[in-house]
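Everything on this sheet refers to the single structure shown next.
By letter and in written order, the chains are A, B, C and D; residue numbering begins at 1 in each of them.
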Amino acid sequence: MFTPKTKQPSEMMTTPELIAQTNQSLLADHQHQLYHLQEILAKKQIDIEPVIQKLQAFQVSVPSWALGTGGTRFGRFPIGGEPRSIEEKIADTSLLHQLTGSNNAISLHIPWDTSLDYSAVRQFAHSRGIKFDAINSNTFQDHPQQVYSYKYGSLSHTKAEVRRQAIEHNCEVINIGQQLGSKALTTWLGDGANFPGQNNFRKAYERTAESLQEIYRYLPTHWQMLIEYKPYEPNFYSMVIPDWGTALLLAQQLGDQAQVLVDLGHHLPNTNIEQIIARLAGIGRLGGFHFNGSSYGDDDLTTGALKPYRLFLIFQELVNAMWSDAPTNASDIAWMIDASHNTKDPIEDLMQATEGILIEYAHALLIDQKMLEYMQEENEVVQAQEILQAAFRVDVRPLVAEARFRNKACIDPLTFFRAQRIRAALIEKRGVASRATGL
Amino acid sequence: MFTPKTKQPSEMMTTPELIAQTNQSLLADHQHQLYHLQEILAKKQIDIEPVIQKLQAFQVSVPSWALGTGGTRFGRFPIGGEPRSIEEKIADTSLLHQLTGSNNAISLHIPWDTSLDYSAVRQFAHSRGIKFDAINSNTFQDHPQQVYSYKYGSLSHTKAEVRRQAIEHNCEVINIGQQLGSKALTTWLGDGANFPGQNNFRKAYERTAESLQEIYRYLPTHWQMLIEYKPYEPNFYSMVIPDWGTALLLAQQLGDQAQVLVDLGHHLPNTNIEQIIARLAGIGRLGGFHFNGSSYGDDDLTTGALKPYRLFLIFQELVNAMWSDAPTNASDIAWMIDASHNTKDPIEDLMQATEGILIEYAHALLIDQKMLEYMQEENEVVQAQEILQAAFRVDVRPLVAEARFRNKACIDPLTFFRAQRIRAALIEKRGVASRATGL
Amino acid sequence: MFTPKTKQPSEMMTTPELIAQTNQSLLADHQHQLYHLQEILAKKQIDIEPVIQKLQAFQVSVPSWALGTGGTRFGRFPIGGEPRSIEEKIADTSLLHQLTGSNNAISLHIPWDTSLDYSAVRQFAHSRGIKFDAINSNTFQDHPQQVYSYKYGSLSHTKAEVRRQAIEHNCEVINIGQQLGSKALTTWLGDGANFPGQNNFRKAYERTAESLQEIYRYLPTHWQMLIEYKPYEPNFYSMVIPDWGTALLLAQQLGDQAQVLVDLGHHLPNTNIEQIIARLAGIGRLGGFHFNGSSYGDDDLTTGALKPYRLFLIFQELVNAMWSDAPTNASDIAWMIDASHNTKDPIEDLMQATEGILIEYAHALLIDQKMLEYMQEENEVVQAQEILQAAFRVDVRPLVAEARFRNKACIDPLTFFRAQRIRAALIEKRGVASRATGL
Amino acid sequence: MFTPKTKQPSEMMTTPELIAQTNQSLLADHQHQLYHLQEILAKKQIDIEPVIQKLQAFQVSVPSWALGTGGTRFGRFPIGGEPRSIEEKIADTSLLHQLTGSNNAISLHIPWDTSLDYSAVRQFAHSRGIKFDAINSNTFQDHPQQVYSYKYGSLSHTKAEVRRQAIEHNCEVINIGQQLGSKALTTWLGDGANFPGQNNFRKAYERTAESLQEIYRYLPTHWQMLIEYKPYEPNFYSMVIPDWGTALLLAQQLGDQAQVLVDLGHHLPNTNIEQIIARLAGIGRLGGFHFNGSSYGDDDLTTGALKPYRLFLIFQELVNAMWSDAPTNASDIAWMIDASHNTKDPIEDLMQATEGILIEYAHALLIDQKMLEYMQEENEVVQAQEILQAAFRVDVRPLVAEARFRNKACIDPLTFFRAQRIRAALIEKRGVASRATGL
């Protein structure tokens, strides 16, 4: 395996005092707006207190690789100051969390984030207030020291020895996750085919099921296994787990600890994603969720920047599932931002994504579920639409800002980040040519 | 229910003698080409005899409504001579089967095809060599005498009385099917929503499952229930059964007699349909198949006219499933042409569809499955593609013509239909303004 | 041509007094919210007065056929009380305009809306405060008394006599439009092909260009010809004018009075429509715009109900074009709602559409164009996104309500329509089985 | 600029004698099949001689970067033996051309293919029988020594100095092309935006037009400028030249030497590409064509491996344009294979692509254009389909093999390449870790 160099973690880029002090200057304005919103919503019998509390409690994790600049197959344009080690990635996550109050966890990718001393890593993260969310295996790339290539697949490979290597990698990832305090393994496979005839759909599926079974047996009893699906890329004719139906079939075969993970960008054009969410939540198999935004495919753009209403509808399904007696409790779901920051500062992009998520969650929390249910029962199509739009059209930014404020984070994180010139400080510390591991 | 007028069945539009006689004039040329093909394929160790026999045995049914002109919401341009009664639809199917030798069954739609005397209908069909394939219920339209409207759904409706009406309709369809000798019920629901918020995804699904359960309990033990899915239309935000995953979940809840029905036109853009076929076949849940062609959505065009290679790949999955030990035996699958003939003569279009189907089935039968399996095991991507393309590039028309010839049908059905001026005869008999029930 | 029966126009369904009186009860609340919004926006140097004035001035027309229930090829579920004549359609438009203040024009479709006395029709419309927007020809359906069928096309037909008939129909439509005071002809062609080989792309285009040239020559000098494009339906392999590029080529060949008309639902999956708007506006060829909403294709749903952010981005292009020196002045553009009301009350649906349009127009008017331009120049991707989102996240409903209030329309039109039980009154007057001409 | 190391060109990997000798062993079988096909087609009044001659004359160029292994953003799996220099790329192209007889040109990409001595490069290519096709600029990546970054665009960049740099790069590419004997410049821009608001559509277009104008002025009078369009990637919200309409507008502004280049993979889902081909050919603006295959987007797979019928329809448009009096003469079109070989041997993949292209060209050449035209005039939809399918269903492999044989290339190139173990020889010569410049 890798022999990662342990670097000194970066110093803290800001302090609670500085944040508090900056907030003071914004407070009057903020509270004025919040008060007005409270007043308006109160007239509609909506109490903002539980909404704010739910927003405060909502935490979405950050994938370790997203703290560096992303790229396409056509190129990559680095920004500088990227984290060079697992510690620096944790430091950046911690910084982000200080600013937003909503990103208290990191999701590691092995082997991009290996360490010689996981106990030290855990301790460092603990000291910075960061937890370890679902941990990700990677069998879609070839890594140095690796015996067999994944060129033609990993868990679905035709050769037993390649599958064995991939299975063992996943078990090792579980080992690492246990040392860090993770409670879920996320498996995303690049396995598939570029051409008709290249693989046997049925056998590829069966081999995948068998491989997953071995990993599942290795899974600690309090862990979850999250199975991600994707219709295309990096294979462009067929992926072994292309859709939620296949992921669900696998989860059914594996057992109750296996769940489906939905990534917003992993769907065919025009897919009604919120209905998939509702279906999985309704049968108790929704285990994880990756946020991003897209116009075409797995574009990995900022979530909420392109189709905020879809994001709102997705949150409505989750809120509705929690409100009703659906088996899935959204509080168990592993939330992660899964975007690639090609032309924006990664930390700024993560702040925009987190804001976009919280805004649509807030909108969904304003929906009058009981009234909506009534209108649905009566087939009052016009009124049902009115109820959703009435919630969506509220300017909920004061609620989100208040949640941040109560979480001791910034009322206006992006402005703070810029005013404090944090990217410049990171570049000075780590260099303009520093490059995070990852895509 | 309806009180259909029983009309005199149309006279036979052709005779076996005339067909045989016409074939005679084409025989020399046909056999010359067949002989050459046999010779070439023999060099590749392919025996054409079993291929021809499989082509002879393959039968694809015709939906009763497809014998009339179809249309879009923008208009309909009738052709004349359309069948005016169930008997005339059977007569047209029989005529088609005389010409092609591959369409020995009709698939009825209730209430479009009701009768006062199903025993007589069955007898008439028997006399014309036509069987009754899966029978279709219709709860997506409102019919005269119907108490409740399906405007807001049928089996998924929020009101118990509407669901009850739809359930009873399905049971009645089973009753009719039993009198005719059908062995499967096809349920396609138009149920869904045009707008976000209009329905509760979870409850709509659960109500549908409960309704289907009632129908399933009514199903004779030797029958199958075929559950069809469709992503959109007639509802344009959400359909209650939008994808194969949902159809499968329902089938799992119902029991072993429930199967999924795949309609080629019912998929989102870029869907890999052959992989869905393989998945369903691999778990023994592929029950039926509707052939058509499309570029955009449920365009209901002639199958094979737009994407013949996709049709070939689909047949490869079926042939491969039969060749291997997959649970699904393709001989049990209900095959149907499900196209709408808007700008072509319906009977001519059905002949072109049947030809397109048999050609791709023939191509798939030429694939060297054993060699393909070997190349797949070895990840010989280039060679696997070569094997598929080698089969697809063969001109198999002589094989298909030979199968027709042996089935005592026309070597060249379309030319025969035109030369005999059969459409003109139908118009003379039934009038230019005759209109078949259906879409 | 048709001999339409002239019916007595429906009585007024409401009065200005009733509206004013109802508004009084809502005024305090409304003004409180408006005042707060004014205060907040003032801090950002945004004056709401010009915004409200622009909203007041914005008028979107209603197509005559959209006042009745729409349907799909699978069925139609009428609501009752539909307008039975051109006068009743004008009456419904007038009613809508009384409620919204933003729908002062109707767009007629010939031959659905023929009359024996257009002068009387014009006078009646004038008395009801309704103008005549672009007038639409219809050569995609066959009508009684028509000599040649449009089954295989109209302006692109291979036969000169069919093209002649279609050209003359368009000229007649211009004649009618002149009598009514229209100033634009909208041509949408259903012409195309369902199958490869069916038509010659090049010749079909050239014949269309020639036919349009004849119509163009007939066009009064102060009129515009609006050329609409659509990628598919009712033809499903190819449409003669499938995309904006083709529509533009035709407009270039015709002359300066020819413009492109963009219908939101007439695009392939994932099309960036706002960029097309910008392109056409940038070269002075954007002539008309049809509003609707869709998830899959030409779904003809309520605009803004599915993708409000896209609608906002489209308005941003229009606002930006007006703000800058782009050749197209958005005030010349023919705006129309082009949706089909299958499961909603048509008048309610039109109110929701109008509200959705005004809300996104208002959002776009809040954008700081100068600051956005600066951020674009500096490639400040993060800040440019912030500017758009900051505008979109404002709750602009008070601005839209104020515009309505100043236009002497309802502060809350939908509630008013329901409270006054207007649909019930229409059904009582026109009957439950009344059916509007149209789709 | 780069300082490329000039390496010794690779030795010839095969000889004409070896090819001739291998062909001898296949000749009897080949000629038997060819004779039979000739006989069958003669009965249909088709003379195979002109078909074979056209196939012989058809030459499709190879992009220099496609001779190495491609990859996705998720990884790259090299095959070994990749060309390390421009000379080795020419050598590989020459080898390919020896085997296929249809790839007599290479298309260079600057700065991936720079040299210190273009005269020597040209001479070397000449000695190997290889010409230089359209030459490609690259302003979508940052290169060492480059002053300004293309992170936010090149020819459309907001800053004049970046546009200047990109313009000068294009002029330098023209200089290089002139030294080599190229006659066309291909410009593909990655310019665009990932987020709404990021750029001003109108200004970005205008800046692009101005930049292209400068390059156009530098263009030698006998050269063509080929403008390529692409809807998305590497930018995922908007591309500056997203569709054929925009590319055409630019070409119109530039002048007669500017033409549109169509890449098969650069279209939205469900686009009717053959109609675009027909439109551009019909107005004399089709300048170039990039072949590849895709199921989802710009998948860059082997052309013909996924949708051979579409490729056939595209060739039908080209053949029909040549047959008729359309302005575009297909003999002037720059043909190129533009695929990425991620999981196949690049040379084998290029052989499969070339075969796929020639097969569909051959199919199209068999179409009875006169009869098709007649059926189109008569709206004989069924017969028009029959004519296309009749041509497509012919097994034309003997014609393609004969064209190769007459061009002194291999009757069966792929088998030859394998039997001669050419990849192994390349690896031995160049090493397993050699890596071609490119994507």
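As a working rule, a residue touches a chain if its C-beta (ideal position, glycine included) is under 8 Å from a C-beta of that chain, and two chains touch if they have at least 3 such contacts.
Just so we're clear, the structure is a prediction, and the values are computed from it rather than from any experiment.
Peer 1: Which chains make contact with subunit A and with subunit B at once?
Peer 2: C, D
Peer 1: Average the CA atoms of each chain to get its centre, and name the chain whose centre is farthest from that of subunit C.
Peer 2: Max centre-to-centre separation from subunit C belongs to D.
Peer 1: Over half of the contact pairs shared by residue number: find the pair among B-D, A-B or A-D that meets that against B-C.
Peer 2: Checking each pair in B-D, A-B or A-D, only one repeats B-C, namely A-D.
Peer 1: So, what's the distance in Å between the C-alpha centres of subunit D and subunit A?
Peer 2: That gives a centre separation of 40 Å.
Peer 1: Using mean C-alpha positions as chain centres, tell me how far subunit C is from subunit D in Å, no decimals.
Peer 2: Roughly 43 Å separates the two chain centres.
Peer 1: Residue numbers in subunit B touching 2 or more other chains?
Peer 2: Each of 151-152, 194-196, 198, 231-232, 237, 269-270, 272, 295-296, 302, 305-306, 309, 343-344, 381, 385 in subunit B touches at least two other chains.
Peer 1: Which residues of subunit D touch subunit B in their complex?
Peer 2: 29, 33, 36, 40, 43, 269-270, 272, 295-296, 302, 304-310, 343-345, 348-349, 352, 356, 359, 381-382, 385-386, 389, 392-397, 414
Peer 1: Mind listing the subunit C positions that touch subunit B in their complex?
Peer 2: It comes out as residues 71-75, 77, 140-142, 149-152, 190, 194-196, 198, 231-234, 236-237, 269, 294-297, 299-302, 305-306, 342-344, 439.
Peer 1: Which of the residues in subunit A come into contact with subunit B in the complex?
Peer 2: 151-152, 158, 193-203, 205-206, 231-232, 237-238, 242-246, 248-249, 268-272, 274-275, 278-279, 281-283, 309, 313, 316-317, 320-321, 324, 326, 372-373, 375-379, 381, 384-385, 387-388
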